[in-house]
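Note that the chains take the letters A, B, C, D and E in the order they are written out, and that residue 1 is the start of every chain.
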């Protein structure tokens, strides 16, 4: 099916145009009966993570990449998408409580988490490093040993906080250098504030939001030069053994195949390398 | 001070004593406060209780009103066993509600007045009639104002208790108890928290009340009052009544050694 | 009760009166409590103050101790102007510290005892000597125990005030004041919060204290005590002293109409 | 040479002894006032001129619609939760003084449990009740309630904060009841009032004087505690500010906006508390001074030496 | 037919009037006890058997190192902040009763400001002081302090929570001081004690009885409030649990772990508070009952009719 690409009049911070897609009956048939009869899917997101999910200028409508992606998914499946803002702490209990059908909040995939929830991956995203203006300490991800002995912050629950930084820190000690002091903040905002007040030397986070926020924050910090660090997989979270998983995977494949995903990525300034491969999707 | 004339007073059924105590015992923990109290007060009688501090006078008064529960012996008020309802020859223990109802028939005046400080004098007087006797506000108010006049405080209806002198407060306390139309009045050292100048006012009101035929049990050290007003004076000693007789005799010519020593000390 | 014999007492320098009041005035807001009080108390004298409630007796006593600041007139204690230090012919207002120091020379006994309930009797007695006079603990303790013996409470040193009877508490309060070795003792109705039986104990201690030559100003309604012990009785009326003379004369044969009415009411 | 006098003694009528009175000068007081004032001015200047505070942004957002909406939610929540807290707290306090040992221990367990666990956990518990008990039947056949329908985020917030508050409030009320003279209870008993009548008409009204100040503390605390409900995505005042700075990264100015509103509400509450205290102080000789009188007192330099004067 | 008797009247020595005493049966009490017990058992069973609570995970993490570390931080913070709060609060309360109008209003402003703004904002303010004032000079030439060096995250946490607590505490202490009989102040004055001596040795020790219960509330509140410092990336007990479940998504079991520890600490604190209250009640005729006595009282079914008995 032809996909109507949204017009190019993207506002630079908040693209509102919506790619429209057709219903894919094959995917829609995979939906469990309860969802079909309800005619909607409820997605929970923690709307404090621009540009993935955050509130628009009216402070009541959630916008962002994740939001538009799930809207498109729902359209493919022929149901309506309902978006609920939920604190990170309530998303997973909420899934178990059947308050929501799926959690969409740029969740990173780890093996440990697989034991608790099911994932439908849609993106692979690198890690970026934000530093103080002018990068006075010369930090770069090309040479991760520059981080040794530095104070680096990450968001609680981010892949960077729970996997990347501990690994890099271990490498530092192995190389006989001082370990990295990891400061984990509850949300990205406190981390940003801590960087601009000099509390920490760098923030390590997903490269995409980092670039976006650096731009928005009016240049109080900037991205360190160099390539992104090891990409990680981002996915939609479902309760264990959810009957929804096959339908969502199928719909995601439709969006990948018909180029909607690519359009969305472009619209939200996500580098092309972010596209997840079909093989990842199958997992 | 105006004189009090209580016209509402009707004499109780003759024959039954208003208060009868038969070997009443009461302990607090290991301390035996009342060892064996026997007493009989006829309707219309005024009995003064005197005795050393700690001899159990207040405790006995509180037992009459069922503010304390006795541990042994038996106590009747107006023919009914305090705390029980008699059906045939079984005594059924009363529930809190019924105990409260019985208390309404007994007026009590405390040493420290215990007026409700957040209510005006008038509100203090009509609170219980309205809540307990379910009287309409205007009926209660009318009687309250009448009684205030009789204790010489008609002008203080709107005042708060803390704005009154001790003697005035105690007179309000007496009026408050009378508002419930009790058949028996208990006074626990009603003048001992007052300055000597103010004592007279309260004693005058009590004297007038006695003249109306109200049955009264009064713990007091005012020998003058006892001599003038009391029909009988009883002397408490270590949880027993060891002397019981006409006021003049107990005060002027007591039989018991201890009574004699006590009466002398109090003047 | 053992008798009190205060051997520490030395007579003040003769000539200067211990207390002198010259047209002392004091108002609370718009209420003029002391209108013009004149009084002179010689060292070693015992003066009783009587008068109706609200006539200003307590207020005047508190002015002597500088617990209240006077609004007009002048007041001297032992030759020094209360609240000021004289240098040449200028009076410099005292700071809080110095006021506190001067107060240590005056003992005060309150109607409601005001013992420190969280301290034992002994701790009550040694608190001020230790904090204010900076006496070592054992010196203070020795004198405290000595004084407790003199007021007949040697056995109660370890008790807490609430474990004592009113009369015992008031005697502790007197001992506490004496621990500071004051040259002047002020008593504000020291027996009026006590039951008649307990009053005797306290009056006995005060009588013994008077016998040692202590200068005492006593507000009281105990006419017996005034007659026995006081050198002079003064009568307060509406913020003035309207009668001042030997005890027997003021009590038995007062000059002023109002005094006569008052003395009659108090018996 | 004659210094200004404080004592009227020195008026012409009575200079009998010819002494001049030299009043005490409060130099220390004057100096400390000046120092504090100077520090205050310097501080205020540095705050106002410091562009990092972003005063222009503060001005823009102070009357923003979503901030106003957040303020309304905060006020609603505070009102609802304090209402539950005060009512249930009083009930619990009365239960803890009951003669019935069952009632007494039930209240005790409630207080221990709710004081012992974090509010956040309680909030999450109520919000996600369905995760634990998908269907609420109260053990009754035929009753099947969907926990998710039953409990909206707002309900969960009110339940969580209110039930928790009740536990703290009960301790405050209990202390208040114990502070009322036992003679009041006796007098009521002697008049034949029932326990409940006594509590409601005699004891509680008098306990209020002791209960109100800590309750004021708790109310002001609650105002701020409502921010915890952001985990339930209920957009209260603080969370509304956070939503905005999550988009535009103007963290500090938006926090100032929230603080300004909190300060305003707190000030209003403090005034309300004052008049409530005054109401329950009726019948006392000395009513607490009104704000105007207080301001006058602050500016009065004449100190009363007597202690009585400070109360 | 003879029912069991409560009144010793019925002992053989005194059956003078041959009446049988029928004691009051507390049916309602018994039934309510059984109902509450049954509900409790059902609830406990449903909690223990509900696998959604993840009891195995709870067991694993209950003694986890980072949870233990978080607990230590929580305790340290609570201790430090309450110490600051109590000391500064007492000072502020005394200042508010001072005769010096400058001192009085300074204390008043402090309390208004700190009660009026959210702790979160205060915490962020202290933590990010450098964003506002990169260099602290106190206006003095030559003094140049790096705000970030001066204020570590832990310092910021202690400052923020402690200074805020002081404002609330001062109200509690003030109420306590006002509850002490003015006669105590007078007696001290008459003995020549200075204001400070009187406050320290006479008034405050007696005020403690009124101060301790709400302070217990505040301490337990503080224990939980320390969770706010997560915005400073200080890993207290709750935040440690959150960091773990943010990693492994085991939200409910980890919140239970945190709650269990909070409950344990709260229970210990409650016992401590009890003995503190008992200590400051010395000199009173009736000391509060010890826990053992309280347990006995809970199980005693014999009720005293007199009101005096309940106090």
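Keep in mind that, in the parts below, a contact is a pair of C-beta atoms (placed from the backbone, for glycine too) under 8 Å apart; a residue touches a chain by one contact, two chains touch by 3 or more.
Quick caveat, the model's predicted, so the values are computed rather than measured.
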Going only through chains that touch each other, how many steps at minimum separate chain D from chain E? 1
Set of chains adjacent to chain C and to chain D: B, E
Comparing A-E with B-E, the busier interface by C-beta pairs is A-E
Just the number, please: Cα centre separation of chain A and chain D in whole Å. 42
Per the C-alpha centroid definition, the whole-Å distance linking chain A and chain B comes out as 82
Centre-of-Cα separation between chain E and chain C, whole angstrom: 45
Going through chain E residue by residue, note those that touch at least 2 other chains and give them in order. 52, 124, 128, 131-132, 186, 189, 251-252, 304, 307-308
Could you check chain A for residues that touch two or more other chains and list them? 89, 93, 96, 193
If I count partner chains per residue in chain B, which residues reach a count of at least 2? 67, 96
Interchain contacts, given as pairs of chains that touch: A-D, A-E, B-C, B-D, B-E, C-D, C-E, D-E
Could you list, by residue number, the parts of chain B that touch chain C in their complex? 52-53, 165, 189, 192-193, 195-198, 200, 221, 262, 265-267
Give every residue of chain D touching chain A within the complex, in rising order. 64-66, 120, 124, 127-132, 134, 147-148, 230-233, 235, 240, 242-249, 251-252
For chain C, which residues count as touching chain D in their complex? 22-23, 25, 62, 66-69, 71-74, 83-84, 86, 89-96, 99
Residue numbers of chain E touching chain D in their complex, please. 26, 29, 32-33, 36, 42, 46, 50, 52-53, 97, 99-106, 108, 112-113, 115-121, 124-125, 128, 131-133, 139, 168, 171-172, 174-175, 178-179, 182, 185-186, 189, 210, 213-214, 216-217, 220-221, 224, 227, 238, 251-252, 255-256, 258-259, 262-263, 266-267, 270, 297-301, 303-304, 307-308, 310-311
Across the complex, what residues on chain E touch chain B? 6-9, 14, 16-24, 304-308
